[in-house]
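Here's the structure, in structure tokens; my notes come after.
By letter and in written order, the chains are A, B, C, D, E and F; residue numbering begins at 1 in each of them.
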Amino acid sequence: MPYIQIDMLEGRSAEQIKKVVKDITEVMVNDANASADAVNIVVRESRKDHIAVGGVLKSEM
Amino acid sequence: MPYIQIDMLEGRSAEQIKKVVKDITEVMVNDANASADAVNIVVRESRKDHIAVGGVLKSEM
Amino acid sequence: MPYIQIDMLEGRSAEQIKKVVKDITEVMVNDANASADAVNIVVRESRKDHIAVGGVLKSEM
Amino acid sequence: MPYIQIDMLEGRSAEQIKKVVKDITEVMVNDANASADAVNIVVRESRKDHIAVGGVLKSEM
Amino acid sequence: MPYIQIDMLEGRSAEQIKKVVKDITEVMVNDANASADAVNIVVRESRKDHIAVGGVLKSEM
Amino acid sequence: MPYIQIDMLEGRSAEQIKKVVKDITEVMVNDANASADAVNIVVRESRKDHIAVGGVLKSEM
């Protein structure tokens, strides 16, 4: 712990995901006193036709 | 918020998923006073060999 | 399956939650051909100071 | 219920996953008095470049 | 990883939960070649009026 | 979206949680091109006797 699950729209580059996990881990260390090696992150990318806001799929927006 | 995660067996049509997210959002608005544009839904479809009930994978049923 | 997780702000009444799970189950039966007794729902209520949108906690809004 | 979500690195065999869900269901029955047919499990496999520990993606280790 | 989330009805004893996490970790080591210290488990207990099967809350059954 | 779930040990201060959600949102904006107001975060704090690493509850460590 902490365990962080990131659900987001597919399409980010490998470089972006690499930076996201590095920087979020830093936030948990700096702001919440977590030890870095205890921070587990899973990134789940979803298709536009599997994510909805306001009852409308992203693929319909 | 509310944030709703739907894990289900793969295989529904795009039309079914479109209707599910629309109707679930309506339920949250009508039954729980949520504002529609605050309702976030992610749909995750899983393969039969990744879902189990009673210790048996759906692919084994 | 389907398994549905609802994360929302605390404060809904027992009656509202009762209606939400009933109506969401109906949506899954009508729109996604699920069988009612396979629909599992967990409702998790969170405090305002544990939910954030746009980087700001609901308790700060 | 109980509902169990297993997020793990991709690459396990079908046989391994079959055994995991069977044995975890047995644990819930033996240790937590769950009835087997109430135990729902979803297995989600993630790519190495979507899982991080200590701020570093598994694909970078 | 693996990261395991267990959502279940409240009411298990501390001893039961202690045994569940120990035995589930053993399953992941024996069946899925995980290393024990990489297995992270969170147990979330829910009230009967926050869990539903078949559209009916456990508190209504 | 993105939707971020943070499961962590209970005990952080309100100030720490406030900073975590602010800074994580900034990471998603800067590193993943998310728009701030689309970033939803829920923080779930768990008791030591509900979190395990390596098969041992934090409360047993």
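The criterion applied here is as follows: a contact is a pair of C-beta atoms (placed from the backbone, for glycine too) under 8 Å apart; a residue touches a chain by one contact, two chains touch by 3 or more.
The chain list, named the UniProt way, goes like this: A, B, C, D, E, F = 4-oxalocrotonate tautomerase.
Being a predicted model, the structure only gives us computed values, none of them experimental.
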Which listed pair, C-E, B-C or D-E, duplicates the contacts of E-F in over half of its pairs: C-E
Which of A-E and A-B has more C-beta contact pairs: A-B
Intercentroid distance (Cα basis), subunit D (4-oxalocrotonate tautomerase) paired with subunit C (4-oxalocrotonate tautomerase), Å: 23
Computed distance of Cα centres, subunit D (4-oxalocrotonate tautomerase) from subunit A (4-oxalocrotonate tautomerase), in Å: 20
Subunit B (4-oxalocrotonate tautomerase) residues counted as touching two or more neighbouring chains: 1, 3, 5, 7, 17, 24, 40, 42, 44, 46, 51, 53
Residues on subunit D (4-oxalocrotonate tautomerase) engaged by subunit C (4-oxalocrotonate tautomerase) in the complex (per definition of touch): 1, 3, 40, 42
Residue ranges of subunit D (4-oxalocrotonate tautomerase) touching subunit B (4-oxalocrotonate tautomerase) (in the complex, touch as defined): 5, 14, 17-18, 21-22, 24-26, 36-37, 39-45
Touching residues on subunit F (4-oxalocrotonate tautomerase), where the partner in the complex is subunit E (4-oxalocrotonate tautomerase): 7, 44, 46, 49-57, 59-60
Touching residues (chain side subunit E (4-oxalocrotonate tautomerase), partner subunit D (4-oxalocrotonate tautomerase)) in the complex: 1-9, 12, 16-17, 19-20, 23-24, 27-28, 30-34, 38, 46, 51, 53, 58
